[in-house]
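Below you'll find the structures, each written out as structure tokens.
Two complexes follow with chain A in common, the first pairing it with chain B and the second with chain C.
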Partner chain A sequence: MASFDLVVPETAEEAIAALQTLAPGEAAPIAGGTNLLFDLEEGRIAPRRIISLRRLPWRTLDWNGGALTIGSTLPLRSLEDDPEVRRRHPGLYEAVRNVGGVALRHRATLGGNLVRSSPASDLTPMLLALDAEVDLVGPQGDRRVPLDRFLQSSRRTDLRPGELVRSVRLPEARPSAFLLQRVRPANDISQVVVAVAFASSERSWRIAVGGVPPRPTLLPEAAASLGSGRPDPAAVRRAGASAASHSALAADRRASEEYRRRVVGHLVERAVAMVSGGEGFPA
Partner chain B sequence: MTAAVRPDAGLKLAGAAVFGTDLDVPGMLWAAFVPAPVAHGRIRSLDLRAARALPGVTVIGPDDLAGLVGPGERDSERTLFAEGEIVYRNQPLAVVAAPSLSEARAAVAAVKVEVDPLPIVSDLEQVFPEWPGSDADASPLIAAHVRARHGNVDVEFRKADRVVSETYRTASVHQVALEPHACVAEIRGDIWFVRTTTQSPFGVREDASSLLGWPESSIVVEGTWVGGGFGGKGACFLEPYALLLARATGRPVRLALTYSEEFRLGRTTLPAVVRMETAVTAGQIRARRVRLLLDVGTSLPGRDFATGYSIGFLLGPYRTEAFEVEGYAVRTHKPPFGPHRAPFAPQCAFVVESHLDHVARELNLDPEEFRARHHWREGDTTPLGQKVGPFGLASAFERARSTAREWRAEAPPGHGVGIGCGFWSTSTGAGGEVRLRLGPQRLVVLQGEREIGSGSVLAGLTAVAARTSGLPPERISIEYGNTAEAPFDSGVYGSRTLGALGRAIEEAVTALRRTLAQRLGARGQAELSIERDEIYAEAGERRAALVVLLTPEEDAAGGILAEGRHFAPPRTIDEKRVLSGSFYPYTDFTGAAHVAEVSVDPATGAVRVERYAAFQDAGTVVDRGSAQAQVEGGVAMGLGTALTEEAIWSDEGRLVNDGLLDYRIPTLDEIPPIAVEFIEGFAGAGPFGAKGLGEPPIVPVPATVAIATRAACGAHVTELPLSAERVARALKLL
Partner chain C sequence: MTAGQLRLTVNGTAVELADVPAPERLLDTLRWRMKLKGTKEGCRTGDCGACTVLVDGRTCLSCLTLAHEVDGTSVTTIEVGPEDALVGRVRAAFEAAGALQCGYCTPGFVMAIAGLLRERGTGAPREELLEGLGGNLCRCTGYTAIVRAVDALRTETP
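Our next item is the complex of A and B:
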């Protein structure tokens, strides 16, 4: 590992300034470091300066009516331990608690997970199904981007030079469910991730899948086949079949294409049943 | 889980135990291998000049050996570097040393190598889509060909009510010791001195001598604390390279593997294909045909031990009137095959148990009854003609069946309960020698094995010394000495430590107690006891403090000395049954029957082990805490082989999953509660009739999980590991 300067700014402005004075790639922000340290160790990146975000006031969790704003440097474990999150966002709670192991979740942050934009992220499918928005700060000011537009492909996002993720906003609490399939249940990269939510306000479904390149995605056609309320069994099966035919599902060292299709279809059916059969589902 | 306090626990908890990877000597250099870029190829050129030109860098390549090796005879087949031809990916081409690891890596990157690639043999079944023909023996791809036969096999197959044939496949698994290989070498005067994390300091000395051409007397190997071995640290590996660099530079040199290198260079169990055919008449197994294709990587022809040894585990532990067995060790462009806790026996047990379970189902027989009826019992003859000694398998199986009945009665729908069996033998190996010193306050045992984490050296030998001497365990010290200090022993492998060194301690303590009785003017053996902090000896009517029984020389030496040696008991097989190759007898017979309750997700095929019980034939349990921990550890490790562990080799001979992210050992989440029960009374070759327990507990695990999985959902999976995808295929979900 090459040597670097460590900068620990106190404010967002200082952080942005520290990031900006160097060319992209020469400065790297660090939050939990669970991805960055690997990249450093394996020589994938070689920044001259590392900017620690640990003193920024972003380890927050704010409710505003139904909307939830999660600070980007809040450790995932704090999100998981919050009883309101668990009650009002059951799917998100399940997603978070399945990331890595406990020790890792004490360090890893939501902001880091989004910026890494891993196709195998256990978190982004659920956030997509919750219509998450990303709040960014940068030299040109603040902006808010829907997560669906923020994520591009592996290691590629809409983040511009000098920008940092400040927080993630979930506009409303939704009945939701999260399921995954892995070779090993704990501490593994998922073969398939399925997130389902029902947007009560507009009476429509969201289905998102992850675990396959180029990035986790919403499946609007599969969601549309569920209608605008509690679906009948045939509609659930149609949604599963539609999800299973998602073109991005492919083979890699973790699973064959046919196994992924089989499991995605099944998990979508199971997750929809969990949401529509759950207590919070509107009549 | 067990809560036993090990003698070394405090030291390790305090971080005071120095493991191989901890070694850091002032002024030492850091070494790294120059790895072969392909799995098979001819080296056109190896240009080391740019690396050599870097400041502080020393490089040793094939052409530099002449000036460094000794005058002794060197092993001509095993070379330190690829010379001319590369035979596996990452094979060392050269080795560098530099003041820091990053400088060593920069030197490796500066080496220019040009290679003409040659065709790669990676997959067994690509080489032999059909069984090897009669011309196969001449093939350079065959490292060993073993055959044995007994009885009227063809007649039994012709007459049989039913013949069941199946093919099984098993995956390559890695030992995954927490600590990777590491050593530091330095030249001390005329002595080539190396500290290393190893299961066998004397084995390293012997191999280093034959690779370097320097006599064993000029090489001293000192074992560090070992962060897990599981067979992977049984042989000489990094030490000769570090020694050569130390000689060339005049500085201490550290050579340690990263975890990825540990995967890529590790010597471990490779894939296999097994064909099983069983002829049954009137509910009895009349004859079996077993054929094995074992990938042995670049193991040298004629030096394959695994094929003949493991094929015995495909025949037992079941009575068979007639059999025919044939095994081929097939060379592929992978690192050489190496031992992994009970090498290949868990895979064999998986095949045997799954197959016989299947045979019984095909014949509408109760599978457990069918297996029970055929289990070896003491006095039976093995297929290879060895008399079965005291063997607790049938008793273990009976206990397992009773547990399985209870669990079945309680199991919810979607759960299945299954029993798997396995057997193993202590491999006593060469050596087994100790020196004892009994002083006024302590009994000290000097020996040449390092504790590798299993407890066999520190907890096991302490228990043996305590039991044979009558002294409390806190009065006993097991001391380690390097190869210049301690008596010879071949190492911690083959479940042999307790048996070999334990018997040596027994002999030495007995000698001590006889001597003391004589000095007290009595016959027989003196009894030892503690009074007011002093050791006392008592024989006949007389009793005295040890301190007054010592001669002046003994007083000066710190105590009365004794030596003990263990010799492996003679065992034979019926060589008339062997047609070619080498088969091996067993020292003793250690059986085990395990029970698993699993749940299977009917939609995804995911298997979860809900609870587990192990019934382990142990002869006599010497140290209950360590024994139980060995069984729990063996089960946990076996669950990996059963469910998730699979080293995947690409067609280019590249290990695809060379890290712990994609090579998946179980986490605590996947390890169910494990109940352990010992079956005692069937004596083994160790002290007090003990049997070695390092390896036996892993043997039945994949079989047990497979049979429970079939019971849960009907999936008959003939391939390891039982990944969810394989179960889904067996369930015809795909």
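Our next item is the complex of A and C:
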């Protein structure tokens, strides 16, 4: 494995400056490092300098009314252990606790998961259904990007040279559910995941699928078929059928297209029933 | 701001290590620099849990952790002495339950269980403790006795 040096900046400004001292690809930030060290071990990347984010004050969880801001370097285990997150974002809690094992979640971070932009991420479909926005800091200042625009394809995001993910913002608490299909229940990569949320403020549904190349996707047509409140059984079946027929479901080495279509229809129906039958669903 | 000297407390003893290269994994620092060979290298990609240690009391995959990234922390490995009563209890429960076959995954399992019990307490729901072991693989498939060891720990009074 190639050598590199490690710098440990004290502030975001120092971190951004350190990123810019080398060409993109030659300098890489490290948060939990669980993806980065895997990629280093596999020889997929060969940075000359790694910039540690461990001293930046971004291990935060802030509620502002209904909005939640999650610091990018907060370990996933801390997100999962927060009782308010579990109560107000039940789908996000389910998604987080299915990432890797406990020891991995003690170090892995939300920022790292987004920047890796893996099509197999268990987190990004749920975050899409929650209309997450990504707060970035960089040499040209701060900017906020909808997650749907931030994620492009595997390992490709809207992140510009010198930029870092500071936090992720969820605009409102939503009744939500997360379901996955895997070969093994624990510590495996999902073949398909389904995230469903009800946006109480505008009375509309979100359905997202993931675990599928090239990236997780919102399914607005399937969501629209659920109407603006608690759907009847026929509408739930229509949403499942619409999701199953969506072109976003491709094949890869983990599952065939046909398998995914069959599974997704069921998972969408089940997840919608969980959300509309849950305690938090508005009357 | 560059990585320099590395300071760790390992199993209760403060150590200062000079010239640890930036790419060195905590796993390799423990095994090759400190000769603590109890922590095992399985997959080196975070899939098997054999390298699990505690960092400030929380489980950590030492193969996916740069040693310098845990500078200043307290690291606990399977070799820890009687000062860590919880790890001692988990080791004893494994012995009593015969919870090992080839033994390679055992240090990782012991540390994973010790970490979970430290986080959640011995009164945590059985389901939660067993789910919390999902990141540890036993290639001998000797899980039944490991589950027995966990059950014995649950009924103990802390």
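In this section, the second predicted complex is superposed on the first by the 283 of 283 C-alpha atoms of A that agree within 3 Å, B and C clash if a C-alpha of one lies under 4 Å from a C-alpha of the other, contacts with A are read in each partner's own complex, and residues count from 1 in each chain.
The criterion applied here is as follows: a residue touches a chain if its C-beta (ideal position, glycine included) is under 8 Å from a C-beta of that chain, and two chains touch if they have at least 3 such contacts.
Bear in mind that the values here come from a model prediction, so they are computed numbers and not experimental data.
> Once the structures are superposed on A, label A:Thr34 by its partner contacts, choosing first (chain B), second (chain C), both or neither.
Only chain C is touched by A:Thr34; chain B is not.
> Which partner does A:Val134 reach: the first (chain B), the second (chain C), both, or neither?
neither
> Going by the contact rule set out at the top, does A:Glu10 touch chain B (first), chain C (second), both, or neither?
A:Glu10 contacts chain C only, not chain B.
> In the overlaid three-chain picture, which partner chain does A:Leu19 touch, first (chain B) or second (chain C), both, or neither?
A:Leu19 sits against neither chain B nor chain C.
> Check the residue A:Val85 against both partner chains and state whether it touches chain B (first), chain C (second), both, or neither.
neither
> Chain B or chain C: which reaches more residues on chain A?
Touching more residues of chain A than the other partner does is C.
> Touching A:Arg253 in the superposition: chain B (first), chain C (second), both, neither?
In the superposed model, A:Arg253 contacts chain B only, not chain C.
> I'd like to know which partner A:Gly101 touches here: chain B for first, chain C for second, both or neither.
both
> Applying the document's definition of touch, where does A:Pro185 land relative to chain B and chain C: first, second, both, or neither?
A:Pro185 contacts both chain B and chain C.
> Does the superposition put A:Arg262 against chain B (first), chain C (second), both, or neither?
First partner only, chain B.
> On chain A, what residues does chain B touch that chain C touches as well?
Residues 1, 101, 185-187 of chain A touch both chain B and chain C.
> Under the stated contact criterion, what part of chain C meets chain A in this complex?
1-3, 21-23, 25, 44-47, 49, 52, 55, 58-61, 63-66, 68-69, 112, 115-116, 131-137
> Residue numbers of chain A touching chain B in their complex, please.
Interface residues on the chain A side: 1, 101, 181, 183-189, 253-256, 258-259, 262-263, 266-267, 270.
> Taking the complex as given, what residues does chain B use to touch chain A?
102, 603-604, 606, 608, 643-644, 648, 656-657, 661-662, 664, 666-667, 669-670, 723-725, 728, 733-734
> Touching residues of chain A toward chain C in the complex: what are they?
1, 3-10, 14, 18, 30, 33-34, 37-38, 40-42, 50, 52, 54, 77, 100-104, 106-107, 185-187
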